[in-house]
Amino acid sequence: MSHIIKAGLVGVTGYTGMELARLMTHHSSMELVRVTSRSEAGKTLAEIYPFLNRLPLGDLVITQPDPADLASVCDVVFLAVPHKTAMEIASALLEEGVKVVDLSADFRINDKATYEQWYDVEHTKPELLTEAVYGLPELYLDQIMGARLIANPGCYPTSSILGLAPALEAKIIETDNIVIDAKSGASGAGRGKNVGTLFCEVADNFRAYGLPAHRHTPEIEQEISKIAGTDMTVSFNTHLLPINRGILSTIYTKLTSEKSLEEVHALYTEFYADKPLVRVLPMGQLPETRFVRGTVFCDLGLVIDPRTGRLVIISAIDNLCRGASGQALMNANLICGLDIDEGLPMAPMMP
Amino acid sequence: MSHIIKAGLVGVTGYTGMELARLMTHHSSMELVRVTSRSEAGKTLAEIYPFLNRLPLGDLVITQPDPADLASVCDVVFLAVPHKTAMEIASALLEEGVKVVDLSADFRINDKATYEQWYDVEHTKPELLTEAVYGLPELYLDQIMGARLIANPGCYPTSSILGLAPALEAKIIETDNIVIDAKSGASGAGRGKNVGTLFCEVADNFRAYGLPAHRHTPEIEQEISKIAGTDMTVSFNTHLLPINRGILSTIYTKLTSEKSLEEVHALYTEFYADKPLVRVLPMGQLPETRFVRGTVFCDLGLVIDPRTGRLVIISAIDNLCRGASGQALMNANLICGLDIDEGLPMAPMMP
Amino acid sequence: MSHIIKAGLVGVTGYTGMELARLMTHHSSMELVRVTSRSEAGKTLAEIYPFLNRLPLGDLVITQPDPADLASVCDVVFLAVPHKTAMEIASALLEEGVKVVDLSADFRINDKATYEQWYDVEHTKPELLTEAVYGLPELYLDQIMGARLIANPGCYPTSSILGLAPALEAKIIETDNIVIDAKSGASGAGRGKNVGTLFCEVADNFRAYGLPAHRHTPEIEQEISKIAGTDMTVSFNTHLLPINRGILSTIYTKLTSEKSLEEVHALYTEFYADKPLVRVLPMGQLPETRFVRGTVFCDLGLVIDPRTGRLVIISAIDNLCRGASGQALMNANLICGLDIDEGLPMAPMMP
Amino acid sequence: MSHIIKAGLVGVTGYTGMELARLMTHHSSMELVRVTSRSEAGKTLAEIYPFLNRLPLGDLVITQPDPADLASVCDVVFLAVPHKTAMEIASALLEEGVKVVDLSADFRINDKATYEQWYDVEHTKPELLTEAVYGLPELYLDQIMGARLIANPGCYPTSSILGLAPALEAKIIETDNIVIDAKSGASGAGRGKNVGTLFCEVADNFRAYGLPAHRHTPEIEQEISKIAGTDMTVSFNTHLLPINRGILSTIYTKLTSEKSLEEVHALYTEFYADKPLVRVLPMGQLPETRFVRGTVFCDLGLVIDPRTGRLVIISAIDNLCRGASGQALMNANLICGLDIDEGLPMAPMMP
């Protein structure tokens, strides 16, 4: 029969690891054969994730992370570990000849100094910064298909860049007057023990956080600057939603000249015509986080405010799926020669 | 290639219709070719469900419900309409030679008088009560596979019956001292306009409702009485949870004689050994609604309280999936000769 | 002993009516003696609001709205009815010699034509537009104390205007480049039957709505233009949060010249020094909706982004309390000669 | 003017400490003059609780817990610390001549051996077990008023005992066939760092926990046995609700002889006639957690199921208010000679 790709996952206990386990359960061409965790090694996946009981993946035994062992059985390895840790493991795995999809921030920033300034650690593998491909398939499809090392995009950058790309490429908006008001579900804050993300601190509450310098800012600016062909600075601001999954970014831009909604909508529709995982909603419809829940879709809605000359772009993704593990799987599919959407659910959980 | 089963759906605008649309998006052997709604006929599915944009199902045009039209293109039709309405359409469809999976209560109660007493309407198709098969595959697999008309079980009964069946069959619990304390997510209350199910009336709140005579009571009693071989009366009580999906039933029973947890767990495991869609969790683990979210699994947890001689059975399902549309699809698969789990997701959305 | 003010409430069945009933339960100088509702007349308050059982207010019988009857027993009447309805009742009550606090939009817009353009109905009492005082005590304290008719501010405008006032008065921000990204809890959508505000449509979801022309826009522009001394146009955009109560507005402005956070914070602190119901949080702290839950506080947080030259103002209120009934009670206190905060809770419900 | 009672609070950083700070903000006869915390000493209350900004209590400086210091300024001290820690501090404070309201479990269980068996620590102050009064005012009003040491009841026991007391006293139910199915909001799990109580682990989820031996079991059994005049064993089972506050207990009992709902309702109403903080709802109404949110009310609803001969009692409280800090304040009021309800809100936050 057909060849089954063997995959490994380093760091299975966080929400991105959990999400990858969910997605791999339904993949018919790729199989998860190694999952690692320093704290849970020795247990089966079903022991830490009872939702995997009676499923084949539930019997997989968690191991200690070991590049040589991973390389001995895997074609591709997903890294779902914190930044800094990721760069070391990635390097070791590449040396062993395994392809790597890194979900951390370690290879997203092209410039070593910028990375070190925003992440406050030394980058010890700068030579890989050049090789790594930024894994946003709508922008870098060809490079991804030939890559060994994918820097899987951040959740906020994915929603922001996909929302801005058509307008910036068409040069219809001012590049120095962009505000991104982004809101994320609580899974984006991770699964660590923390008073600030307890149910009673998040539920029935709403707040901003991380202002004015969220670490995803340089990643957004790097990518949109390339599209616009000019160095851009954006105002990027983040908020915590009392929902499990989902990012909705409301992006405020100034049109350089008057445009009708029809014109802008046509431009966006054309831009994404051959990129089916971005959905430009019909005029008059606006994205909601639930419409993309559990999927890799990025939904875009467009509003023109003639009173202020603004184009408002609303962009929604599932932060765990398109914003992390789902996009990682898209990338893994591509670097392994599979269709981009293999194994990925297309219909969201509603409600 | 292989034959694709053609399916119809009468009543697409409620949560069960929405859920069936989600499930059918991923079914490779069955295709939804007709969806009907009196109020939304003429629109495409994507117009009322933006989450179907850019998906094949999104272009399907909603039609008026018409048995002859449905019969002309469908092998099987799902009825997601209120009780009383369902019995008339079911009858018409069967006459046209189409198989029917009815999600309403109309064919669940074998006894006409009992149905009429609890549902307060006349049953106009009593001859079909005998023919209809109660669509709980763990109990009636063979009958379902040969049926024309399936009475798809209620959500609460599904969780209650599957939780009690092994203990009743093994005659280890008293049959006259059972309390079922059931809690359901808000999608169980339907998608109608209603002050009582507004967000602000349900969120950050918890309450009982429908006591002491919820309409699912006779359905539960009918089925467990058959298993026990004696007429049973249970205390069945329902509560509204501030969650979208999920039913968790805590079932209190009295052991007829002392039993260890190991013994009862072995008995349950054996009962469901060849029924992989019910998961008896390992001893010490208890079900949670999220472990079954979006799936057809029924998860069971067992607790013995030696102080009171009680066996407490905890049963969790997704009320929209196993409790409605997912089980309907299991039944449709079976009556159409497919595997029971075709098209059904196995990994829940976590978180 | 001291004189007890007698109050009436027209429209008790919505969330603003419910909130006023809550607040009046603890007021020692004002008593609710009449509550009206066309649909619930004849019942006691406790019958429709079981939370008032065993409380004095619970025995109050709901009556049909009748200006003459209200005037015969009330010193002041709150109107919690839809716009258009309110203007007629207000006029009748004023003629009967009763003071009126109108929670609708009918007297907020000074200009008849602007009102009619945004609300799409004729204003039949234009003579009262001049008399009505906009009930934002931080701006109009003296006028409120002498008024007969208070136009109680909208929820979004309250948060937006209080957030912008100090910066505009001090002329430190550009007046033509302001974006208000506002998010509201679901009680702001009212208690009417509506599929869009069902629990399952709002919970675990986030979306924008009403773009680009929410009806609170002219109210905001009118008031901030007065403060700035120039006609202003703002980009005002609204979103629906899956929480019961609370508005958080993130307000993006451009500084006209470089300012330190210390300078701006001092300016805000000074502006609100003698207005204790607005809290400028210490530098580094940001507002959260829960910090004001159930209170009339408006909490402000300030952020300066030196990369973009922006001052970001975050403003949080409870939409039902400061944004509606609590502010109405502040106004009623003032026009009746009481202290502004009589009867008002100061500590929020946490968590 | 009148004497102001001086109060202290040991352990201010948890949810019960936070709740007491909320309540004391509005108390006119008792003032919080000392709050202690080992980890936060030196900060003001407003620094850790921004909701206290611009309020008098916000300026209170947190100190290290020191019995002598507390005794030097306090008439009464609340202990909001874990069990075992509490018994030591209580003893020291009593020796210094201060009255103590202990919110922990340390003095609730009369029998030293039972305490040690369920809490798995040695009780080092057994002499105080005899002196401590169980602080449920509906049962022990007179003893509380003369006490030095109050054992403030647990949250679950409060709801269970108040629900069962009238029926047990009237001997209308079987004493050996009681099931309590209790559901609690997440604040009951405390404010410690914990993966299990993260937002994403609790939201949109429901689960049982602690079965079959929750530590509140012996407390419930002790108190209801006294009322019934016989040793009772109950089946007590707990669940975690995705809400902030609230406990709803559904209590299943067997009537010893046929009774009408009218008879039982009259019996309950009579029992609580002179106890206004328990509300027996009118027949046909059932409690909801929101009806008591933020208050000390215990709401009771009664259902008779003639098919099974069961009386179902539904009991709702706010676990943080009536179930902890609010009841502690009721007790402090009583032992200090104040009215039981001074400083306590009577109207819940709705919605």
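Note that the chains are named A, B, C and D in the order they appear, and that numbering of residues resets to 1 at the start of each chain.
Everything below uses one rule, namely that a residue touches a chain if its C-beta (ideal position, glycine included) is under 8 Å from a C-beta of that chain, and two chains touch if they have at least 3 such contacts.
All figures in this text were calculated on a predicted structure; none of them were measured in a lab.
Undergrad: Determine, using the mean of C-alpha atoms as each chain's centre, which chain is farthest from subunit D.
TA: Comparing chain centres, A lies farthest from subunit D.
Undergrad: Please work out which of B-C and C-D is bridged by more C-beta pairs in contact, and write that pair.
TA: C-D
Undergrad: When the C-alpha atoms of subunit C and subunit D are each averaged to a single point, how far apart are the two points in Å?
TA: 36
Undergrad: When the centre of a chain is set as the mean of its C-alpha atoms, what distance in Å lies between subunit B and subunit C?
TA: So the centre of subunit B lies 46 Å away from the centre of subunit C.
Undergrad: Among the residues of subunit A, which are close enough to touch at least two other chains?
TA: 15, 187, 200-201, 203-204, 242-245, 288, 290, 293, 351
Undergrad: In their shared complex, at which residues does subunit D touch subunit A?
TA: So the residues of subunit D in touch with subunit A come to 15, 186-187, 191-195, 197-204, 242-244.
Undergrad: Under the touch definition given earlier, write down the residues of subunit D that touch subunit C in their complex.
TA: 15, 18-19, 21-23, 25-26, 49-55, 187, 203-204, 244-245, 276, 279, 281-282, 285, 288, 290-294, 297, 299, 345-351
Undergrad: What does subunit C use to touch subunit A in their complex?
TA: 177, 179, 181, 183, 185, 200-201, 203-209, 211-213, 233-235, 237, 239, 241-246, 248, 250, 252, 286-290, 293, 301, 303-305, 307-308, 310, 312, 314, 351
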